[in-house]
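What follows is chain A paired twice: with chain B in the first complex and chain C in the second.
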Partner chain A sequence: MGTLFSSRFRVWLSVLLFSLLLTPASQAEQAWQRIPALEALLAETTPLRDGLTLDLPFVVDDGSAVAVGLNFSGQLQQGEYINTLHLLAPGNPRSEVMSLRLQSPQASPAQINTRMRLSQSQTVYLVAKSNQGRSWLASREVRVTVSGCAVADPDARNLVAMETPRIALPNRLRQGQPASIRIMINHPMETGLDETGERVAEANLVQSLTIQLAGEPLLQADFATGTAANPFVQFQLTPKESGELTFTWRDSQGNEVNETRELRL
Partner chain B sequence: MTVLTDWFGGHLAAVLWGGALLGLMYGLLAQWSRFCLVRGLYNHWHGGDGRLLRAFALAMAVALLASQSMVQLGWLSLERTLYTPANPVLPLIFLGGLLFGVGMTFANACGARSLVLLGSGNLRSLVVLLVLGITAYMTLSGLLAPLRLYLEQLLRLPVPASTLPGLLGSAGLPAPAAYWLSLLSLSGLLLWFCLSNRSFRQSPRDWLGGLTIGLLVAGGWWVTGVLGADDFEPVRLASLTFVAPIGESLQYLMLSTGSRLSFAVVVVGGILLGSLARALIAGEFRWQSYESPRQMGKGLVGGALMGFGGIMALGCTLGQGLTGFSTLALSSLVALAGITLGARLGFRWR
Partner chain C sequence: MSSRDSKFPRIATSRRDLLKVFGAGTALAATAGCAGTPFISRGSAGRVVVVGGGFGGATAAKYLKRGNPALEVTLVEPNATFYTCPFSNLHLAGERAMSGIAHNYEELKQVYGVRVIHTRAEDVDPVAKTVKLGNGNTLSYDKLVLSPGIDIRWDALEGYDQAAAEHAPHAWQAGDQTRLLRRQLEAMEDGGTFILSAPANPFRCPPGPYERASLIAHYLGKHKPRSKVLILDAKDNFSKQGLFMQGWRENHGDRIEWVGLSGDGKVVRVDAAKREVVTEFGTVHKASVLNVVPPQKAGLIAHRAGVTDASGWVPVNPQTFESQRVKDIYVVGDATVAAPMPKSGFAANAQGKVAAAAIVAELDGRSLPKPYWANTCYSLITPDYGISVAAVYKLNEEGQIYAVPGSDGVSALDAPLVTRRLEAEYAVGWYNAISQDTWGTVL
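== the complex of A and B ==
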């Protein structure tokens, strides 16, 4: 072997092989730049990767409602906080899934749960932005298989307006202790699109959920075609003081549903 | 219920613990009572001993009565389960049952029995289970899924209802009468079939086994439908069934970092542990393997037929025979007829 390859040749060969190994990895790293929706969101910034996670299963057999966890636990600077989260599914007919605006430090970017639609196998992206202009990016590849035993809800089709708002607060709330709040409303989230993304009917969507605590904005969720039917949001609230929580849903037909809950510490 | 779910740390965890416990109990009981439809049918048709078959019939009656009692008490609703789709493709379900029936005679055990046998050291069952699980997922979402969807389109016939009471109702019977007539005549017929036999009544291993396994089916509905009830994240209604869950368990072994533990998977795990425990305690644990390539070939074909047929039939001997049957689903009666006919043919061909 020694006569066949000189030692210098072997060094060059290993450099070449090593760089070949790295090429797909660096390409994958930049894949998001080819997605217009993400490029527009991230504009000129280079997103960080550490600290933001997107919790999704690898394989999904019912793409109509996929439980997804959004979690930020990264390093923040003095006075910096996460103020927006955007969830995108570029493989769906429309890539928008949901945007969350955290309007108070009492609403935590850790352990947010919701449910999304996935029309086919794809990479799902999550973008988090801070008030100081820094951004984070997380991605997860999900395979969607043909549905085997999905039991469709026949009643959902008859449902046209928002119905049965539900809010679950923990039994015990303590000042400064994060507590999980679950919020859901019944609605079919009719996209009006067929499988190819052509418009075949009028869209009928719950557009937003806004939450206020003692009159101050706390969180706003903007839903889109990628949000699963019966929009569901779970997030962590770290209350500073007692007050009234108000929840407002608005749909694309101009309806509004209001609910209030007393928050007692 | 909230006390119980809080104790487990949430309804999802409660469902998983409940499922594991159910699986464990099924493993113990089925290993002890040798509960098996294949052996039951064989003994009945070819051995003149109907006790095991009657144990299965008793389990059916008990599962039906116990599950419907919970419905009548208002604890849960079994109207919308996997077994009662809006428009069941009955010819495909029958064909699936037929293939499953042939497969279980070739493999000499259905999916649930194979799990119990594996827990007792039977490595033939391991081969059958691996093939069954892989074929099931191939049919559900893999290479064979397009064939399944094509057949579904091809064989779709309009069906007036998806349950037996619904069918009687569409024939003109008022709804409550149709319900009670189906419930009482089916359970009465099954109870008469098992209890009229003296040797069955005198064999506690058979009647106790059938009785408790029937109760476990109702227990599965209770775990997913009552413990798992939640306004925000309801657990999908399910009970004991063993075609898709075996595939799902294999998938979980391979993808656990990217998937969530489910009721079906913990039941499968529980059965393996339960039957292993009972086999060790009773001194019945024996390593067993194939003795000839021909025997192994039959096991492979049997496993594949059960995986493919079981998915198209929406369940196996337990999934359709007990669990689906307890919802009075039309698809279960059709699948059971297919499985029985398939077994009859299978015994002749093998």
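== the complex of A and C ==
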């Protein structure tokens, strides 16, 4: 070796080998076929990887509300658009986190943010589907720890029923320009499950948020046990024209909350 | 020099014995009460450069020399005086002078023969194994220890940059920022609102914001009784939450209001000149004194050395605290991803000992015992009312750190006042012990 490589190169090589040794080989790439929920979603298709990203921290101190970013920026064909996104956490007692239906080209599959639950370290998956039957898959490994000093006492939590809807629109909206909308409602999202997934109580979940613009469907979010308490959605709207935005939340108790906002360009 | 005898611990004769004692990283008690003589260098068994003279770095430098006095250890730290964040909240409350949180490097220099250079490390070349210094010199190393603490992510919170921090201090690195916040609190009118914006995890000292709010409420209660404290939080759960809230009710009535993430507590924009913040859903809050605890990342030198990952923190091999990315660079303290160990001074100190023991052993061609660590975070709700969280940490089969089940816990809710008073005394005892262990300071 000494005659073949300069000492500088040898050090580089050792730095490189060292980092290779310590990087855990990602088995996530192949593993999805073995996950029933994913298999069912992807059926016969071979999902694409390019263009879909799932943004999650590598290490999570508090799995009760983990900020997650969903972003599609892939190549689409003529007339093709992304119409559904499914977020799955197979390591949770139930794998469903949420599904988003983008019902209008005005609702973008880029830069969506939400908050999810992670009951343990695992690989989280995101599936995107287009109206032409193509699908994309993204995955992220996350380590969940409960940080020593960050432990909260469970009884400090203050659970409430569905109340206080909040909506934030940008001050200025322009035709054809993407603008970020944030939506949250207070709700405990009680799963009724214990850590093993056994049902111990009745579930009390916000099941859906539907958004319409000028009477036309824009976006529907279907929430599940993996959605964090106080369901939060942030997405980009590229408005065509002024109109009324309506927001409707429905929970499993049969309650409904409605809000409207005037969207003026 | 009899005072020196009790002040400074003895240098043990056998390195092997020391490793046995300090490999575990938490043997605070073992350093007390021994008599000894200053160390005189006898040639080098390896060159170790330590960057950062805080909890992690100063401890590593000292325990490297204790582990093997023949090592050539150089500590690079810009400041001649180090002010600790622990107990800086007491200064903000007017309960402790800055001199009561000040430490220096005299013990390291005089007793342990560490070469201390007061300048910044500007860059690291992991190939040539050199560190470029702000004074123009370059140091070569066999092993490098980085304990640079945190840097503020100035791009993460709209409107909060270095200039803004002169109006709305973070005071999350102690020193001038602490003094500035104290001056603002002193100048605050009675009836005003002190607002603290707390970040999402992970950040330095998880209970820190809540201790700060508590002690400032204590100060306001004594001197500006019509004033309020408002905590705007990017989280719904925080460290020792039940204990803090109980302590607030018992000591501060309704002076402290806490608004969590689900109550629209997440600050997304700061107007420092106006001392205003805007939350996620557009609520504007105006403060008399505004304290922004901003999102953080590992100190810049860690990025320069190429040891950080996309999260901005440093993944390490917990057995040794060597970087997962670059060989021969060890990183300890707040800069690392060591969860579930918290980003605390206690943890940084314990990690500094583990890294020192690992380096001493490796340069000597020996293998290491499995490390373990302990951590306690005390928080004061008033100077006489303390609470704590503690745990012991070990490595599992996969080599990851975990909190030993049953070892972790917080102070009991509804404990009698005498318990809280005792815990406040233990907090002072802890501070004195760790200051002595890290910098040799006798308070």
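We take it that the second predicted complex is superposed on the first by the 223 of 265 C-alpha atoms of A that agree within 3 Å, B and C clash if a C-alpha of one lies under 4 Å from a C-alpha of the other, contacts with A are read in each partner's own complex, and residues count from 1 in each chain.
Following the convention adopted for this analysis, a contact is a pair of C-beta atoms (placed from the backbone, for glycine too) under 8 Å apart; a residue touches a chain by one contact, two chains touch by 3 or more.
Given the structure is predicted, the values throughout are model-derived calculations rather than measurements.
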item	value
First, second, both or neither for A:184, with chain B first and chain C second	both
Which superposed partner A:161 touches (first chain B, second chain C, both, neither)	neither
Touching partner for A:31 - first (chain B), second (chain C), both, neither	neither
Touched partner set for A:200, first chain B, second chain C, both or neither	neither
Partner chain in contact with A:65 - chain B first, chain C second, else both or neither	second
Larger contact residue set on chain A - chain B or chain C	C
A:145 touches, of chain B and chain C: first, second, both or neither?	both
Chain B versus chain C as contact partner of A:57, first or second or both or neither	both
Overlap of the chain B and chain C footprints on chain A, listed as residue numbers	57-59, 61, 67, 145-146, 148-149, 151-153, 166, 168, 182, 184
Chain C-touching residues of chain A, taken from the complex the two chains share	8, 11-12, 14-15, 18-19, 22-23, 57-62, 64-65, 67, 143, 145-153, 155-157, 166-168, 182, 184, 186, 229-230
Interface residues, chain B side, partner chain A - complex	80-82, 85-86, 140-142, 145, 149, 231-233, 236, 244, 251, 255, 257-260, 311, 314
Complex contacts: residues of chain A adjacent to chain B	56-59, 61, 67, 145-146, 148-149, 151-154, 166, 168, 182, 184, 232, 234
Chain C residues touching chain A - in the complex, by the definition given at the top	126-129, 200-202, 205-207, 235-243, 245, 261-264, 280-282, 309-311, 315, 317, 324-327, 337, 339-344, 347, 375, 377, 389, 391, 393, 400-403, 408, 410, 413
